[in-house]
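Presented sequentially are two complexes of subunit A, the first with subunit B as partner and the second with subunit C.
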Partner chain A sequence: MNFVLVEGGGVETPPILRKILRLRKIALILAGIAAWYYASVVLNPENMENTRISEHSLMPGLVTAKFDKTSMIAQIFSDLSENPKNIQKTICGYFHKWDLSCHSQKFRSNVPGIQISGENVYAWIRGSRNDGGEAQLIGVKIGGGRKKSEAELRNLIIAQVMAFAYYAKDQVYWSRDILFVFIDATSNSDDSTNFAFDAFLQEYHLTHSNYSTPTTVIHAEQLKEQCGLLIAGIVYEPVKWPRKSKKDTRIMSAAMNGINGQQANLDLFNSAAKIAHQKLSAGMALFGIYQDPHSYSTQAWPYLIPLRAIYGQGFVAVEGLHSVLGKYSVPALTIGLDHTMGPENGIFIESMCRMLNNALERLHQSYFMYILGDDMHFASIAYYLPILGIISAPLLISAYAEWREIQQIRLSPFIYIAHIIGALQFTGATYAYANFGAKIFDTNLAQLFILSSIIPFGLIYNFVVLARKSAENQAEIRFTRLFLQLLTCLMLGCLGLVNFGLALFGAIFAVPLVFVMTFESTSRARSYIRTIFLFFANPIFLLTFSAINLQQYLEYPQKVGENAIFDLNLAENLIYRAIREHLLFGSAHFALFCLFAQPVWNLLFLTAISTTNNEIDDEKMKKE
Partner chain B sequence: MSGWQKIKQIENDGFLFKISFAIVLRSIAFQYSHLFAERVELNSPFYSFNHLNDGVALLEDGFDPYSGNDFNLPPISLYALYFLQKYVPNLLPTLWILMDISTALILSKISGTKTLMPFLFYAFNPISIASCSILSLTIPQNLLIAMIFWAYRLDYSKTVAILIGFWSSFTLYPLLLIFSLIFVANHKISAVFLAILAFFAANLVNFVLNEWSWSFLDSTYQVILNFTNIQPNVGLHWYFFVQVFEHFRTFYTSAFTILYFFMGIPLTLIIRNDKEMHFISILLLITTFFPYPTLNSATICLALLPVLEKYRNYFRYTLLVPTTLITTIALMPVMWHMWIVSSSGNANFFFGATLTYNVALIYLIMDLIFVYSRRQIDVLHGDSIKKQAKFGYSFY
Partner chain C sequence: MYRIFLLFTLCFAKEEYWENLKLDRVSENELKAEFRFGASRENLKNERDFEVFPRILDELIEEYDVKYLLVIMGQGRWKDDKWGRKTQPGAVHGAQVYADFEANSEEGADKKLRFLIEALNGILCTSLSQISLITSPQLEIFKRPKYSTSQQIFRRYGILSRETTCTENLTRLRKLLACRQSGISILLHPSKLYDVLYHASHLIVKKNEKISEMEVGITAVFKNKNPIQGSNWLLSSIFESKLSSSCGIATKSQIEANNQIYDVKNLETSFDIEITSKPISNEAKLVKGWTSQGGSDQQNGILHISLQNGDLDSKLEVSQILPYFVQPRYAKISFKNCQITRKALQTSKNEKSSALLQYEIIIKSGEKCEITIPFDKKILRLDDYPPDANHGMHIPAAVIFVSQKSDSYTIHTNPILVALPVPDFSMPFNVICFVATAFALIFGPLQLYSTMWLAPSPPRSTFWRKINRLILLILIVLCLYAHFMEINLNEVRRGIEQYLEKLNELR
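Here is the complex of A and B:
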């Protein structure tokens, strides 16, 4: 290959790159339209792939189940209802009566900001063909319930699971141990229940999770019995959604989103859906909606489930107890059982156990990244990830254009300062919350955090340090533009591989903002207007705005407001939730917010307020 | 300029502040070293302080560290750490910070007074800071490289030869730098012999320290030449040798080794007129093709690039290579997370990132050869170049 020489060094730029640069001004609009069109094609369930059980070894879930201990359900349920304050003892009493081992485990929080304590129960059915190397887990909540009916429903599910245990203990084909965990949910708070499960899992794995902070948040008793690798976990709870569709199909529900964008293995969900279809004639509701996969035209908007899936993956750090299992790399689902289907539920639990009993190895990695359209259709990562690439493309084009213009690499000290401020906010807020709780010297921690987050340090730096128009300062601003464009692309790309939902929603806000704020402005008025706009596009404001309006629009996980633009209480709650989930479960939301969103917002002030000089000014600066 | 004036000048440049800030950053990083201690990107059998510590523990307990497969460092480093831990155990972090800052200072000395780019590139590189915090053995190695390059620029051929021989006794691959010795020794072969002599002398010391036994050779050199330790790292070899069938293994180990040690010949034939360019190219080859590298192995090579200021306008991949390096370095922990933690990826994901990282380094070497050749055209035929003139590779 021959290169055309250019005077003064180097070789000529390929013509294709020059052509791409001409599109720069309209790149954002073009990319937006292209991404919208592409997303509407790939996220339409009618265009998605059919789900399937890809591992033959999971087929035993579909053989004839023989659960026949329905009568035991009523007996256990009656005992549980009569002893609401001694549920743990009642459960263990049954297991001991059946000659199965059962123990309790007390736990509490070590962190002053989080006051949680309680007692879990766990029991074992040891597989006769097992060498003690592997187990499967069944989880159920015990106690609590905001209403009496809710508490009774919980007891019914406990009774159904225990009746299955009574049945399973006499079967000879178990090649994995079955671990039953009854998780303390007395406090009626999701956080406390998740904490309780985490306490058990932390001791089961004899380690802190991969995410947890060095400070031990959980103090829990050691387990009295152990086994090896948990191949998968299924948490059972009463179904939350309407139990019958318009066509009188029975409805169960499934939840699979884990912490930091993790998802349960698709094979695990597929098997559950197939068992529900074939044995119970039931459908699986996802994210609160049941969509009949055979008749889209007569039902709700087909994009609602994929959008809720993306939103849930992005913003709902802990969707349920199955999310906590994800911390320990255990694929897990929460299945909502219809309590009216007593015998069928036993059959379902048996089928799931027999399926996991036969799995030959860890569930395969190819099926961990997907977006479900309904319980029979999914889009894999190869199809949906390009959406993010298309949205981010204008920034890459801008970055290339900036690079061609850059004469001097001058790294702004404010890049360090902005990140240090973010790091201080992160460490300060988490330390304060962990050690003093939500109030520090009668001051609300979240309000302090919000106050520190809305100060435009970038603007202050601009007026104090970059006020003089010199060649060095212009070079610093120009390089900051390039830095911001590349940093945003890099962050979105990395995040997209781990948590597509968060990356996509982040890109929808970040890409236009960074693109507009880093575009050269020749007009001083335009620079001031966009700086004012940037001030109001603070990450906290955008987050609260999204929480109100996206949840309002998607109605998931629940409505939090009515067409509001900003709500200070909600912003405070979001911050507390992010800190708490970071401390308890290692959620990365708070870290990403402080270490990337905030610094980028601050750095954007440097580029937003700057104006590009005309040629005369450039010449003046060259003379300097 | 008097000594006092020089100090005042340094103060005026804010240089002392930069050094202090670099020290502060490293001291803070020590507080968070648990975040980096287990990272495969920053550790490998040849640069892991924990491995060295294990060897010292075995030595103290009266076992032969080389009887197993886990200890791969020569006896010199073993005894050096043994004495450091015995007499100044609390000073290890300070010593490592001192070594790292000294490397940065030598780099600034090399670059001259005009620009501080090599100093800034090294002292504020997050990878070198993180590596310092886990007491990575790449830190003393980088100091050694900086010293060699300094002496190399000053034409101290004997010092360079001895240091290259000494460094090669640790990881063998630096022996390729003997090609660069040709430039400092004024094209005499004596410096090459001196380097080889130093290499054998260092091994003799190792032999004596190892209680008159050659048992360390298998664990140090054979592991490098046969690629037997196939734990994941940022290098090119581990994944290949995980996948390769056993009966092809000998063929591929021979091919890889021979290829590497012969690469110095064409490179020396092309880059004949610029010793710095030659040295940095060879250094990049060592970094890229060493079977057990860490990210910090490349840090010093990248910090030395501003030395090639005269080629600045000739580089082709000025955006592509740096962004690819940064992107792949950011992707490595993501891919590792997907493979090991969330199970949503496999070994291919991590290897994909490391492979692209190495391809970027190879592109950098290619670009170095290109810019050298391109500049030679300007130097030799600058007056006769016409518009739209084309350029193709060939030996000239």
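Here is the complex of A and C:
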């Protein structure tokens, strides 16, 4: 291509770019409509890919299962029901009787804010063809249950898993050890159960203070026996009967979301779904819903499962016990078994074990990024990631417009200050919670955090430092606009690759907010109005508002929060949960909130309240 | 005639051959079978005729100046608690090679060793080429002969955890035996010997000034598949063949079972026995060792060796090989309840050689010693990954030579599988690459046009541009047509080929 020197040494913008820049004011609306339309096509299960077992080595899951120890289920169930206070001993008693090793492990919390203790049980079937290098894990909850029927259901699942152990011990084809972990769930709280499982896993992976990272959260007994790398883990629990399902349909359930947007390997889920379909004629309920893939019209809204999948990935760090395994890079699923299918459940467990027994390689990175439409369909990252790109496009266009106009790069000191404030909030809150608990000098920690979060430091900085309308200050504000637009795009893009759900929901709020607050305003009144709006668009407020309303929109049965707009108790609970999940499982929600959302909110005050005389001139651009 | 025969035999080197089978019930439903076949030969100069000693092994000894060679292959897990002490020399999962041989220098020894390994691959049908042999382990690993100090002996030892043992290895081991179709070797039935809980085989070659010796050993632990029908074992049913002919040239041919020794050297009729003895009691507690792996990330990990002593005070010589793909943090190696009397650390010489950590530990009866070795995982070059890179790579088992008051033996821990950082060439990686490339292609010109002081000048002649656009448009339309009509590319290709063939015919 030929190039000529432009008259006067200026820049000649290509016509297409001039058109794009002229559309800047309505880009947000256009992008919103485009993203909505694109998402409605991509997230419709009818347009998604079919699930399949792509690895041939996993096919043994589909061979004829020979589980035949159904009579043992009743015997074990009866013993467990008779000794509800000695479940650990009863379980180990059986394993010892079968000449299999079984041990218990006591644990407790070291953190004042988390008062948990208990006792896990673990047992082994050593694969005779194994060299000790690999194992697969089967997890089950023991004890607890809020109602008697719930406790009985748990005992039934324990009995079914143990009956499988009784069957499996006599098989010679195991090339990986099978590790059974019975997780203490006596306290009936999900946090405690997750904590109990983590206590076992941290000792299994030797990640406690005696060996590597100094963690003080969990104190647990050392394991008496060990094995090698865990190839995968399956946690079994009674199925949570989904709504909107026919009574005559056999339904199991699967949960696959993990910490920080992790998902179970798609091969693992596909194989479980295929085994359920082919051997048990059962469907898989996902996120509390069962949707018959052959009749969407008669069933629920087809977008409900994909939307719940995105929501769950974004906000539910620990969806089930399997999520804890994600912390240790072990692909895992929680499978809900229908207690009425005794022998069939044994067949299902056997098939899953035989599948994992034969896997040639670790279930690796290929299929960790997907959105499920139902148990038979999924959308791959290549199809759904552009939604985020389309939503973020207005910010990129704005950033380009700013870049064209910018005269000098002048980094605002408040960029550093805002991030330092966020870092202090993060370290202060986590340190205080870990060392003193939820109360500090009779003051609620969450309330202190909320108070520190709603102070508009950006506004104060603006009035104190940027009050004078000098050219330097104008340059600082202009560059802050560009910085915020690019920072938001970059963060959303990076987050989208790891946790698409969080990035998408974040983008829905962040993109319009950043777009509007960084748009040049020539009117002082407009600037003041948007600043007031910004004050109320505090991340804590948005988070609480979303928690109350998103769940209703996604048809979750439980009601969240008392008030439809803001609930202080809910906000406090959300903050405590985020800190707890960070401390226990390394969830990044709290860090993202403090180190990204809060600084951006504070920085937006600088641009929202500012007015400018030289708005990017559309007429000038037209002439050009 | 007799004098001629005597004269003839005196000219040959003296050779001997013996065979032994030991059967022990190790639990109610499990039986251990231990085969040992041995041959020895007097070392006479210029004598190249062989009767029972395998000629190929003699050539190996001569060519590589071997003093002691041990190759062990194992598969399965040995249950110390139930089965007692492991059959010696102890086999680890995979293959082990230990060699003492003479050479002029270190370089000469390394060169000799490379050829020796390849020769072993040929003799035993193994694939040991990838084994990384450690130079001169300083502590004991196996019971081995003593040598006179005048000889310059080089020692090499290595483990290949991924090596699997199969019927091919058994066939080659049988070929080393003097009696292949008679005697106890008839019972070496591959389909039975590999359908077991545990299988190990070994080859030992020794040479001193007077005599060369060879031993082939095979150990298998069988499981009774029908325990309800009775737990007694018939020799013929275990191996699916009856012992019907004896090995005439063997000096000793014995079967040990039911606390008796049955001589099967001069068999006239088919021989069968029922193993009725009670399972051997393993009340005496042995030294046990196991390895566990710590860490869950892709940067580093922990190797944790636990050693539990039995009833007697013991001296343990622990040897742990660390392959090239892990880098131990020597300064952070820690010990718990271990009284260390001697250390010998050998770091890896180059990028592909392994490191060897050896510790001599005194441990009192009933005590437990723990060794923690933190390590960093290396990011390998692309060529260094095996085809199944995501399977992980093995750190070999630790070998523990146990010395007690009147006894010494070797045990092993288990190998561990390390998940190394693997480059991801899968779908998300491609998506990121393609998207990033697309963005670069879009924003590159965007950035260029908006910041350069030069602006593009469109060519004045538009005729060729129009032609180009037309061609592109036709191509796009064709592609879309092919896509929506679901036209298979192969069909198109076949169509073109047929068309070209017709054209050729026309000529």
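Methods note: the second predicted complex is superposed on the first by the 578 of 624 C-alpha atoms of A that agree within 3 Å, B and C clash if a C-alpha of one lies under 4 Å from a C-alpha of the other, contacts with A are read in each partner's own complex, and residues count from 1 in each chain.
The rule we apply is simple: a contact is a pair of C-beta atoms (placed from the backbone, for glycine too) under 8 Å apart; a residue touches a chain by one contact, two chains touch by 3 or more.
Worth saying up front: this structure is predicted, and the values here are computed from it rather than measured.
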Scan A:S329 for contacts with subunit B and subunit C and give back first, second, both or neither. both
Once the structures are superposed on A, label A:M369 by its partner contacts, choosing first (subunit B), second (subunit C), both or neither. both
Partner chain(s) touched by A:I460 [first = subunit B, second = subunit C, both, neither]: neither
Which partner does A:V498 reach: the first (subunit B), the second (subunit C), both, or neither? first
Quick one: classify A:Q262 as touching subunit B (first), subunit C (second), both or neither. first
First (subunit B), second (subunit C), both or neither: which does A:L490 touch? first
Pick one for A:V41: touches subunit B only (first), subunit C only (second), both, or neither. neither
According to the stated criteria, A:W403 is in contact with first (subunit B), second (subunit C), both, or neither; which is it? both
Does subunit C touch more residues of subunit A than subunit B does, or is it the other way round? C
So in the superposed three-chain picture, is A:R129 touching just subunit B, just subunit C, both, or none of them (first/second/both/neither)? second
Need the overlap of the two footprints on subunit A, from subunit B and from subunit C, as residue ranges. 1-5, 9, 11, 329, 362, 365, 368-369, 400, 403, 497
Subunit C partner contacts - residues on subunit A that touch it in the complex: 1-6, 9, 11-14, 17, 126-134, 172, 205-207, 211-212, 225-229, 327-330, 360-362, 364-369, 380-382, 385, 400, 403-404, 497
Subunit A to subunit B touching residues, read off their complex: 1-5, 7-11, 210, 214, 258, 260-263, 265, 326, 329, 331, 362-363, 365, 368-369, 399-400, 403, 486, 490, 493-494, 497-498
Which subunit C residues qualify as touching subunit A in the complex? 75-77, 79, 93-94, 161, 197-198, 223, 290-298, 300, 302, 304, 306, 372, 374, 388-392, 394, 413-419, 422, 424, 426-429, 431-432, 435, 446, 449-457, 459
Help me check something: in the complex, which residues belonging to subunit B touch subunit A? 34, 312-316, 318-319, 323, 326-327, 330-331, 334-335, 337-339, 341-346, 374-375, 377-378, 385, 388-392
